[in-house]
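This is the structure, below, for whatever I ask next.
Per-chain residue numbering starts at 1, and chain names A, B, C and D are given in the order in which the chains are listed.
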């Protein structure tokens, strides 16, 4: 369980999400750059070349591709324009490892990422080393703030891909009948369940409130601008919906009653034969789920994950409730410290609440599972994408996707904040995606 | 041009959208019922049995199906429960003509609606007569308000299908290489263009405002409840984008520049080879468009129609602007009388503004073309679907669709209001769907 | 049952398949032309415009299209080149009603044939009358033999479409939940079963034999040239496999045992959920089948129809036997008069054998159902397609299809002969297609 | 170029295709077993774990899968039943590595073979070693002839997979924009072209002849029984169609003239945008092709490869000729020694004829490229599949495929013979598949 230890071994005094990046010097940025880059390599360290190469579905990417694409980002957007004399590692990589930036030329068809048995994992790691060295050159001298901001964007970008690397590997391993474990070894003991939290709600008065990111810290363009919205009074569950809750939904024919589902959701449920969350299986001994630790018995106290928005919405309707809007969620989370079961705990699976954590405020808002909201991913009033290629990062996906909030057990802690907006298509299930109930007050 | 005359011949004193339905008596409802039912029959009167039978794509329905389904609605939701001794016209029709109500039993697969060469158009008209007679029986006596409300829902439902009947017939006729005209005869002269309107904007101060339907008049459940929202200052174009405007977009390679498009929009544009609005063709003599009057030269002053949300969004980005939210649109429209080029003008095609209509307020908000907004179709705070089967009418479609506002040249005038929310998938193009630009103030 | 009477009312002395066309005069050809054209119109006479317009699947064509396409054939290949001053009926029809002749210009996409609500059935009948009149003009004077041969090809072509018109209408009516009957009225009484025929085989010695068409009579190019082949000794069942036989196959899990099926056949069976022949349904009272007379109880003595080659092949393997090659079939049929239950009996459904028909020779080789053979449809040694557009008639389909022999209850009697090669894809089920068992001697 | 040397380094006195297996002792079989197994391992020796894992299309399999599946064949069909006390290597492998044997239980979906990043290549090689050792145990003692026959079947089976391993790797590497070479290094010099061979034909008198395998040597069940057929006189080209010939076909718009193509072929050509053989590209310097040696300039004298049956057929029609039947081919080849450019030459690409090889007989019948014939793959008269699971080897694929003859540059020489029938779907292009022209005499 070496990896787990390493992930968990991060020093307590490491700067977190609150770090004020605007006054960062280049050396401080270099420090963060190195830590994040090393973390990515650590996550890939238990994968074989084959593991790192295969693409298990068009929506997923091979680990090798994540390793190279994040590197390409620095090479293309930072080193090529800003480091005089920088020598490109391999001219072909611009084509192979561009994801979707139309402004940066043609690129490999997304569904063909799994054809890249070459370059080998070793060559990709050499590419990383080459770029890391050049970045160290660049960052050992002062850098204009707008250039530092691009480096920061690259760091945040890499953290996003750390999570995707893990969820894509999980999907790959779950597609293999052998169901290999990314992190072999004994399952974690569940943390003690705090029963008093069950089914409670916190009440919020609403009103004309402020939302979105402001200030000097890093945030993605889609998190701003900060703006006012009017919320009517609402209530929000004290805890996420658990795997145990979900078993009751299944038992009550939740997957067989169209009246609980959105029309598109019911169509997806039928077309893909959903009868439980992704990776779940019911066998003699009860429910199990494929995890990064291999197939494991279900922990009924852990937040349910790997459900689509459509399933989350149907569950809420079954309960006579609804999902929160992203603004209700953000309002509730704004007063909470973004701590929880993140990547660094090394658990790599959602877990029940820690003993003694009962409170009148919503708990586990951060970490464990991303929480689907009832909000489509659209622009905030006054939204302006970043100029140039980075402007393609978020804005062009503002159609057909739903916002998730709070981060998961695969999210780096320093990557998250209350205003953070993740987004996926409503039928997507391979992320650590769960839900929390809400209702009108 | 008989049909055109008939559509236009509606008496001026007919009660419009403002009628207070709540104090309606059953006889007054019967009067409206008869007018709407007769209008539907009139719209179908120039179709042959074959025209009325064929389904040109899964999203469209045959005219015969519209005629029967609207009738089924009254039979199933009104006559069967409320008219003692009502004799069902044909037991098979419950299966054939249910659209999507899960609560009302199994039904014909949507894509198979075009298989119904039997019952014939004549039999469907007999079905209509049978139900009309029974409805007259029911409505000649007092009826409980909640029952009257269901009749009203059926009337509004039928008006929606009047528009769909026309757009589906247009799609069918456009799928025929002969391009027959639904309404043969000479094209309408264009109304005079008011050049002073070009490119102007009205400014709105925003603030904490009210939206949605309230009060006793009819509205769909999704239009309420009335609630507060905060709008930041914005501006809204004085007129819709015209066909002439769109020609400039095409000429500037609007359909070939990915940077103008949402990611899903660009994918749709590529997959379906969009190079102009649906039904447009460029020939020697310039651009033409298939219309309900057959293929016609483009009127550059008329609002552009048959564009998808994705195209509308790309156009706005090309102009450095954006689409309005549905709330910006509603706020601007709230002060305007819902008059315009609706079904009753008999034009059946969008037209340029009438002479003398220049003003400092947005014009042509109503009629001509539905205007795509930037708002996904989601529930308002506190939304509650109607109880029972009518609750499937709107709520279950609140996923993946965008709101359009204002009605079109195929919408009955009495059907529209400022709070009316139409919705379609963002790639849909076969409706009379256009756009109006907006921007931050 | 008017149509049935008319179909059956053909005078006994009408020239049959044996007519020596080579010495035909134009007037004799005109006589045959008129009879065949009138028969087609008769077959369409009980269809509404809607019935005649809808296309129930891409492989099927609307009746109206059959009516027009057969007419287009005469107009394009005969009248336009050979009748001076012939005035084309409608210039658009060349595009609408060309089937697949690349040499004759672009044409409507096959899957769009069902979009043609216009021209109406009446207009298509007027087209037929126009062409019939012109053909009468042409054929009242002597015509060069190679031109007469083209007329003959058109007549044979039209007879093929008579059968397709019926099988396509059956598919359409079976796609309608109401299951209307093409030929309403009481079912035919089954002819008496001759039990002595059951399971018997006739033995054939094989040897170096001749196959294929030769001589002056009409035949399609693919039936020749006449050539030698060596057959090893074989045996051929005295009767086709019956519906009753097939019930036993179903009961013995024939549709659930992969070892009985070809690999592609098993894939089709799984993908399309085959559990019985097309149109069969098992209800309380036992098996029924949709027929041109509506849904009818299964006649266990009638030859099974609406099975694919893959099903026929699986059935034979289940019986430890095989299908005959087309040459085994032809050899057995060469000595038999081509009489049987053809279109002219008016039954329009396969039937059990007539009383007293027991014999030591294979019976029912002609009529009732086409019999799948084990022979792919490929060219005979020395095959040469016809010159020009008629060369596209057969040769270009010699890939991926299997030969069927003997004609069916929907085949005009004068159209069939022992050398006739019909062909369909091995998964096709909507024809009157059955089988007869064979084995090594 | 180590691999090339090794492939070519096979001792001259090795027993070839003519070896009389029936009198083989088990030790002799063991010797052949070891040689073939070692050859497979050698072919995989230049692949990384990633190279050996990825599946580039559903029709192709990963190299690792070939390595394991051939091993599974011996384990399941030989060791498990015949070697007392044999310990299965891994119980999961029966599921993972069964290809299509319904009789041997459920198996991994074919399109999921590429998900197996585990077991690793190393584990698969260990599996091979485990089975090889057990086979050595089994074969060091006398074995009943019917058991020896199964071992032989396994050896032949493995040789088939040697060729597939190479063609699947080529497809994988061609799917990678980097186009890595399986066998890096300089291209082979072309063998001298013998111009006198161009366009010549050999004449054959035909008659009642014998075809198919007979006698004690190994052959697949589908090659028999030996039987008589009557051939009419024909002629067969002295050499295969070359890449240079094909360039002329392209230049004459061969890919744009529907009249040259079978109907299904034209549909495939359009749907897949064929404009040249698979792997060909036209660049500034002329035509190149992706090969196992990387992208190489086209050798105009080498037989054209990577064409489908549909292309081969169109080419022949363009030349006013046709493809030979498999029987014409076999008759011509029966008198020829099966020598040529096979796997053992190490060329791994088709080549022009060797100097001095001109003759009046068809040359290059064996090796270089498989030659498409005009014969669908169907059973011979009296065909009986092997009993049990091996009966699924050939018979169940006798639908929708065409026969190819003669072996290719990737076929082991000892695997081929004149009666050998290879078969692929008519649109398949990833094999070394070419053609030779034929005509009526």
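The definition used in the following text is that a residue touches a chain if its C-beta (ideal position, glycine included) is under 8 Å from a C-beta of that chain, and two chains touch if they have at least 3 such contacts.
All values reported here derive from a predicted model rather than from experimental measurement.
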item: Partner chains that chain B and chain C have in common; value: none
item: Chain whose average C-alpha position is farthest from chain A's own; value: C
item: Centroid distance [mean C-alpha coordinates] between chain D and chain B, Å; value: 61
item: Interchain centroid distance [CA atoms averaged], chain A/chain B, Å; value: 40
item: Averaged-CA centre spacing for the pair chain D and chain A, given as whole angstrom; value: 47
item: Two or more partner chains touched - positions in chain B; value: none
item: Topology of the chain contact graph, where touching chains are joined (line, ring, star, complete, other); value: ring
item: For the chain B and chain C complex, residues of the former touching the latter; value: 48-54, 56, 92, 95-96, 108, 112, 114-121, 172, 175-178, 180
item: Chain D-facing residues of chain C, complex; value: 100, 102-103, 208, 227-232, 258-259, 261-266, 309-310, 313, 374-376, 378-379, 381-382, 392, 396-400, 426, 440
